[in-house]
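Order of writing sets the chain letters: A, B, C and D. Residues in each chain are counted from 1.
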Amino acid sequence: MVSSPNLSVEIGGLKLKNPVITASGTFGYGNELIPFYDPSLLGAIIVKGLSLRPMPGNPPPRIVETPCGLLNAIGLANIGIETFIEEKLPFLSKINTPIITNIYGHTIKDYAKMAKRIESVDRIAAIEINISCPNVEEGGMAFGTDPDIAAMVTDQVVKNTTKPVIVKLTPNVTDITIIAKAVESAGAKAISVTNTFLGMAVDVATRRPKLANITGGLSGPAIKPMALYLVHKVVANVKIPVIGLGGIMDYRDALEFLLVGARAIQVGTANLINPKTAMEIVNSLTDFCVREKISNINQIIGGLKVNGENHEKGGDKKNK
Amino acid sequence: MNKTLEEVVSIEFNRQIGIDTCLMGFRSTSLASLAKPGQFLMIHLGRETKDPLLRRPFSIHGIKDKNKLMILYRIIGKGTSLLSTFKEGDPISVIGPLGNGFNLPRPNERTLFVAGGMGIAPLFFLTQVLNEVQKHKFKMFLGFPTSQEVVLLDQLKDLNVDLSLTTEDGSLGIKGLVTDLLDQYLGQRLTKRPVIYACGPTPMLKKIAQKSFTFNLKCYVSLEGSMACGLGICQGCAVKAANSKDKPYYYVCQDGPVFPAEMIDWEVM
Amino acid sequence: MVSSPNLSVEIGGLKLKNPVITASGTFGYGNELIPFYDPSLLGAIIVKGLSLRPMPGNPPPRIVETPCGLLNAIGLANIGIETFIEEKLPFLSKINTPIITNIYGHTIKDYAKMAKRIESVDRIAAIEINISCPNVEEGGMAFGTDPDIAAMVTDQVVKNTTKPVIVKLTPNVTDITIIAKAVESAGAKAISVTNTFLGMAVDVATRRPKLANITGGLSGPAIKPMALYLVHKVVANVKIPVIGLGGIMDYRDALEFLLVGARAIQVGTANLINPKTAMEIVNSLTDFCVREKISNINQIIGGLKVNGENHEKGGDKKNK
Amino acid sequence: MNKTLEEVVSIEFNRQIGIDTCLMGFRSTSLASLAKPGQFLMIHLGRETKDPLLRRPFSIHGIKDKNKLMILYRIIGKGTSLLSTFKEGDPISVIGPLGNGFNLPRPNERTLFVAGGMGIAPLFFLTQVLNEVQKHKFKMFLGFPTSQEVVLLDQLKDLNVDLSLTTEDGSLGIKGLVTDLLDQYLGQRLTKRPVIYACGPTPMLKKIAQKSFTFNLKCYVSLEGSMACGLGICQGCAVKAANSKDKPYYYVCQDGPVFPAEMIDWEVM
């Protein structure tokens, strides 16, 4: 009898039926989810970044394609946490998978307030803190490049909620492990690596930046090697689980992140191109496990072989 | 949201019909049954490669035999160059139909179509559809930079269109811009106030929108915008709303691409 | 009479006939230069990174392609400065364009020694200091992420040579302007931005890193938006000229870097794909200037329009 | 360095000749006049796109009519998939001929060709050339994973080759690996010591090299390696030298791709 492989993973007490999560800002709020498949099939859904009050976002142009990459400066356009809870959550609640809110604050207090508000909402399973958005003037990435501030934000959120707190890091730092350790010490239950890389593009004909915001955040396949490296590095330096993302387009990309030790992965830009990507990755991971006779996906996580040795598993070891 | 499909279709034809302008057709009964004039498709051009990365938006240019869809496109960059190399039988992934189409004019309403360049793509479909229900001629102003880029003249005549053609260099039709024709036309005493349907480059649409305000005419514009998803997800395709208190930005893919001109803040366009 | 545009630029006292330079490690040493065109047509040639003594480089595989990118871990395989001067320089000397050596040291002393050695060699026009190689164990990038060490290395080189010293920075830092200002204060005459971005790739079939060195440096079109952003940022923060590079494949890419304020550009990975790239960029820039009626390339440099204003020109302004 | 050209050539044919195996031909008098067996070409597959980024190396598989070159390739990834979609008349940029070819055997030397899979590509060219100057049969061991992948049997027979075919699953020819045949062959009493020319997957070459050491036979192997430039510039295609004191690494593109087996440090391969 061939039993189907067990794809479930655990992130900070949260049990996911599989390690495939949709990344913030690339899967909508809820009713905008395109009904190309049943989102209950996913490991979890992270909704568009929310702030305390609605934000209009940046003026257009907000996006530009670069070689194998997408440069965006959406500027965290969002309807605000209250409207989200009132108008969008009811729809999301029907989906049989954990809903994770991604939150962004202009100040540390904002983060604390949002955490408190979310604490009262049963249907939200966890909080991902965005201290890494490059497209907003205040807060955002500035919080994510300083280990002390990153820890303070984390601490304030953790103090105001019993839900698992995931901190999403920026790659735009000299040593990401310092930030990772800081937020781990401050009580983060998991770390998402990585948000977008700072970039820009110029229209040679008009001699103007292609983005109204001048600079933006780079995502997509172009960043995959860098994101993978960062995940590899963070996994080796923290005990809490790491969620890997950056340029994942298919199940092979997902496997690369799992092999270097990511406990779960997020699909971002790929959703915008092929809205079925996340579901297809779930299916292909299942097929892969069957083909390779892997009964439990955890056997793959951290399974990178380096000089004949297995890579240490994320979450199962000491700092070093 | 409207019903949206993702389908891998097989190209039936893909041929050049003018300098850098191509017509591509494929078969899809389901898409054909859903598509309305003004809606668009997101077409994946990468196939084996990840560059170009994003799908490209193209207006639905027409439907034939209830099962064939066409797009009309100009080769301007990487994606459209690649598309032009695709041959009969090649598979492509298409998402659509997307966005809100044109509000059809009421039977007794006079219409005026203004198209610049590839702006003809969705307006052609609109006249095609209207032609089936209405008997009178449609007035259309159509502009291109130069005679070599002019396409579809014969087909438009078959569609009962009363066409005035402009080229910027005067190499065919009237020398000038379509908006010059509009100025002239609106300068006359109009017995019946037309509803304008316009599609083309943003500066053209801006002029037309402003004219429509001056003359207090109903005006629909089909806008373009940098799109990543076409699905209302990425919030990339923002355009500033005229009354930005309720909603600071509209999203071209979801709230448009066709907008009543007065919804848009033309100052910043 | 149509006069041909003036493409010449000046970098720290060095006059280049045009702003197109070949990047270190991507154009060989000299007689390996493929005779696809006359290299005298170039603004300058930067040779493969040299160390005091020969270095074998890393074990293979050393390179892997990623989406629109090249990940390399060559490990500075080189014949050493002495052999270079004896065996390779005679050939290079026949080329009618400045030859710039790119140097790498295991210790600060190494850098100083190499500078001294080069000082005695007339035919070498300038020195580019590599404090940004991600593929070597000691020195390399470690020197480029700390402003104090970066300044010390610069200072030691500057003290030992009268030739213009260019410092090549790593992008793998939180704030590149701090390093840029540090090396400027230490006497650098120009700054090259940027070296490669840290990355890795995993072979899912073997579960091993695709590079024997595990990690490597990412170059090519994938990094262009990030490199351009860094150049833009450095230009706004130093007075000395900035040489821009990272993913330049054609003259339009080159123009993007010039517009944000790069005084010259380097062509790297593109040489490996189309060995004529650098020459074609020179030709296309000339054509572009003719077409756009630009008599002097300096009219383009820093010509980015932001909110109707011209971007400040690199090298012509105060820090801010 | 040998003379090297960069040329944009036009594809004459590009057709599948087996499961996932294609033969592509193009015309270039200049490349044809320079090319020697064992040399390779770097072919640019991106055209409109930057993905795949790097050129891909392919052995020269044969020359026809003094002006046509052929490559034989297996579709294994992005670049080769793209290549297989190219049609007659499509332009591609080719750099070559690159590397050092095979040292031809002396007229009275006995030769033994051992090819695994696409390793047949350069050896076919070699037999083609030798066939013009030598009259006796060439012994060849040729292996594929399975019968469906077997190609070129007829052509090799035309070339006067004494062929022994293996498939790993035994679906055609002898069941096993080509190296099994080699073992058997070398186990016999040999009247004349053959010079081995081998091309194929690295594990196969390693076995053959080690056999050649045991039996003290001259052995040339044509190696593969990850290449960025193919021109000796990037130092990407390193292989460890056996006598690493003089030169720690050889570069496959420049020092090879054909090496006398004893030059390579097989321990680390």
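Just so we're on the same page, a contact is a pair of C-beta atoms (placed from the backbone, for glycine too) under 8 Å apart; a residue touches a chain by one contact, two chains touch by 3 or more.
The structure presented is a predicted model; accordingly, all values stated were derived computationally and were not measured.
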At the largest C-alpha centroid distance from chain C we find chain B
Rounded to the nearest Å, the gap separating the Cα centres of chain C and chain D is 37
Separation of the C-alpha centres, chain B versus chain C, in whole Å, is 46
Cα centroid separation, chain A vs chain C, in Å, comes to 34
Among chain D residues, those touching two or more other chains are 50-52
Within chain C, the set of residues that touch 2 or more other chains is 67-69, 220-221
Among line, ring, star, complete and other, the chain contact graph is complete
In the complex, chain B touches chain A at residues 1, 4, 6, 44, 50-55, 93, 95, 225-229, 231-240, 244, 248-249, 254, 268
So, in the complex, the side of chain D touching chain B is made of residues 46, 48-52, 78, 81-82, 85, 87
Interface with chain D, chain C side, in the complex: residues 25-28, 31-32, 34-36, 48, 56-57, 59-65, 67-70, 72, 74, 77, 220-221, 249, 269, 271-276
Given the complex, residues on chain C that touch chain B span 67-68, 221
The chain A residues in contact with chain C across the complex are 66-69, 71, 145, 172-175, 197-202, 204, 206-209, 214-216, 218, 220-226, 228-229, 232, 247, 252, 255-256, 259-260, 303-306
